[in-house]
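What follows is a pair of complexes built around chain A, which joins chain B in one and chain C in the other.
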Partner chain A sequence: MAESTFELIDSATLTSSAASIDFTGISGSFRDLVLQVDHPTNLTNSVVLYLRFNSDATNSYTSLTLESSGSSTSTQNRYSQTHISPGFTSGYFGESSTFNYQIMDYATSKEKTVLYRHQVALYNANYKYTIAGVARWANTSAITSITITGNRNFDAGLKVNLYGLVG
Partner chain B sequence: MAFEHIGTINVDSSLPTSLTFTAIPTDAKDLYLKFSWRTNTPTLDDSISFILNGSSAGFELISLWAISSSTYATSETDNFLNNHKPANGNNVVANAFSNGEFKIYDYASTTTRKHWDLDSHNADNDTGRRCGFTSGRWDNTAAITEVTLSNGNGFKEFSSVSLYKVY
Partner chain C sequence: MPIPLGILDFPSGGVGAFDWLETTEVTSPASTISFTGLSSTYSDYTHLQVRAVVKPTVARSLSMTFNGVTSTAYSWRTVRGDGSAVSAQSATSRSNLQVGEPVGTTFSANLYGAYVLDVHDFGSSNKATTIRGILGSNDTPDMVESWSGLYYASTAAIDEMEFYFNGSTFTGGSRISLYGVK
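On to the complex of A and B.
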């Protein structure tokens, strides 16, 4: 019997508009966390996602994002931020998209690293991109809560899953 | 997609120069190797040698990486990851370990050359950061039963690597 090492910790699907989504009481029994945010096609508004750990609102988050528009590349380099933001929009022009965040070594006394990918970002024939990036939370505390907010309220229908990877 | 944990190597204070998984079962599709490490090299970033079945020959790779707001691209015909530099050296701030993952596709096949990817993040200090994305090929059709990561100056205590099979 294969050992189950990729476990769903919690999930949320918004039934009404909301300003934030919180996962609290996260146990320290996994190696990594994987947070997946699915923006369905039927949502009205695009939103820029922000992540915050343990309600820490100090300027301790940095991120570096690479973008390809198909014909050119660019980067966004952010530091001394109060949250992690890839700087790009999840959901646009009625297209679905998925943001995938890997929150690594979240339960250790190391500073925390996040790898992220915008899995689908084909908006229309004239505007498309894909992104990949990394972020750091300069804090050695174990992550026990994650707060997801945005530059505006989330529409009903937004889906978020939080997984744990044993190891 | 299901993950199965094969094993984890946790580094002690002995500064080992190689981390090796041996006798890897060949009953899955892909391998994922997640790492959190820091080397004893007195630099900000450091190279890591990626060795399969004890062999450092037959590697080709292409890398895209960014340092703060600048992007770079290169190709190599070795296994040193000299440009990507996926490890933090020992001159970074305390408690900062680089994180990332290798994916090795169709590792159990005995008829195909092996392709692999590497995504990683280095946190140099509060304003400097580096991320890299590499795709590589090992020009060998043997099933992969051994994976080694090495660094001549050794891996620092609290570094760790975990290996998973993916079905």
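On to the complex of A and C.
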């Protein structure tokens, strides 16, 4: 029998500049987590977005991306990183960007695999691309916290939603 | 409310039309994972989403068939990144769909490949069935793929899906979950 499946665990929208957004005390009652980051269209600064689990700052993250700018393709593999790094947010009026992370089997004793997509909408051709990616956190602990940081502070307006997926 | 990404891509919150249907998780090596009775049991749904975290005992591509059909009725296309090159691959007139190659047991014991696949309009009886999705793993082979496939043996509704590895089996801990989209 079908059950209620998709639950909003927590959300945050920055009302002022901030260095990070943290989700803590994540229960293990879901199968997967879905993290959605939406970057508004009127920000001043672009930011390279980082993702970290359980405050683990060791070199235990790998990110592999497949990218298209519309005129060329590329792929990058970032081994032994201290965070997952899928790409830039946009920082120019009229552009928007979204990040969608599928954090699979987050509460199990498997190493954690994250599928993600990232898009920057084209407006004035500063940043424009679409990315498919997979990331690995080489750790078998259940994920109980997620920290989102960047290479600089986030501007007000950045919105992040964390969902739990039953299954 | 998150911005919908694609048609089904990843589920959006607050819509109330995305339901978990069933999960199969194997605790010891298993040759197949199957879902049956789909078109009758889940007739309230238009689309299906398959979410899988799987690993073969010997590195192989994940194979997928519909309605028990193993004739030459499948084709697929994919674009893959492995960290050093982008490649495009395709196949036609095949006896199954091959959906990427998750990590094998010769690599990290606790690492599995991940898949999110959408099966569009699975209950329709007037079209071939289209599947598409994203998949990846971060060990040899490193790969992330944007993948699409077609099952065109008939226009019959999809009543059964079977997953397996040619020449290999699912390791314990592999799981495949099925969701319905109204």
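Some points to look at:
Following the convention adopted for this analysis, the second predicted complex is superposed on the first by the 150 of 167 C-alpha atoms of A that agree within 3 Å, B and C clash if a C-alpha of one lies under 4 Å from a C-alpha of the other, contacts with A are read in each partner's own complex, and residues count from 1 in each chain.
Just so we're on the same page, a residue touches a chain if its C-beta (ideal position, glycine included) is under 8 Å from a C-beta of that chain, and two chains touch if they have at least 3 such contacts.
Owing to the predicted nature of the structure, the values given are computational and were not obtained by experimental measurement.
When both complexes are overlaid on chain A, chain B and chain C end up clashing with each other.
In the superposition on chain A, A:48 makes contact with neither chain B nor chain C. Ranking chain B and chain C by residues of chain A touched puts C first. When the shared chain is aligned, no partner comes close enough to touch A:14: not chain B, not chain C.
With both structures placed on the common chain, the touch criterion links A:156 to neither chain B nor chain C.
Touch criterion met: A:66 reaches chain B and chain C at once. Look at A:34: by the touch rule set out above, it reaches chain C but stays clear of chain B. In the superposition on chain A, contact of A:80 is made with chain B only, not with chain C. The residues of chain A shared by its contacts with chain B and with chain C are 2-6, 31-32, 62, 64, 66, 73-75, 77, 102, 104-105, 108-111, 113-115, 132-136, 138, 140, 165-167. Residues 2-6, 31-32, 62, 64, 66, 73-75, 77, 79-80, 102, 104-105, 108-111, 113-115, 132-136, 138, 140, 165-167 of chain A are the ones that touch chain B when the two sit in their complex.
On the chain B side of its complex with chain A, the touching residues are 1-5, 8, 34, 36, 64, 66, 68-71, 93, 95-101, 119-121, 123, 126-127, 129-131, 133, 158, 160, 162, 164, 167.
Residue ranges of chain A in contact with chain C, taken from their complex: 2-8, 31-32, 34, 36, 38, 62, 64-67, 73-77, 98, 100, 102, 104-105, 108-111, 113-115, 117, 119, 132-136, 138, 140, 161, 163, 165-167. Across the complex, chain C meets chain A through its residues 2-3, 5, 9-11, 13-15, 18-21, 23, 44, 51, 53, 79-86, 108, 110-114, 116, 134-139, 142-146, 173, 175, 177, 179-180.
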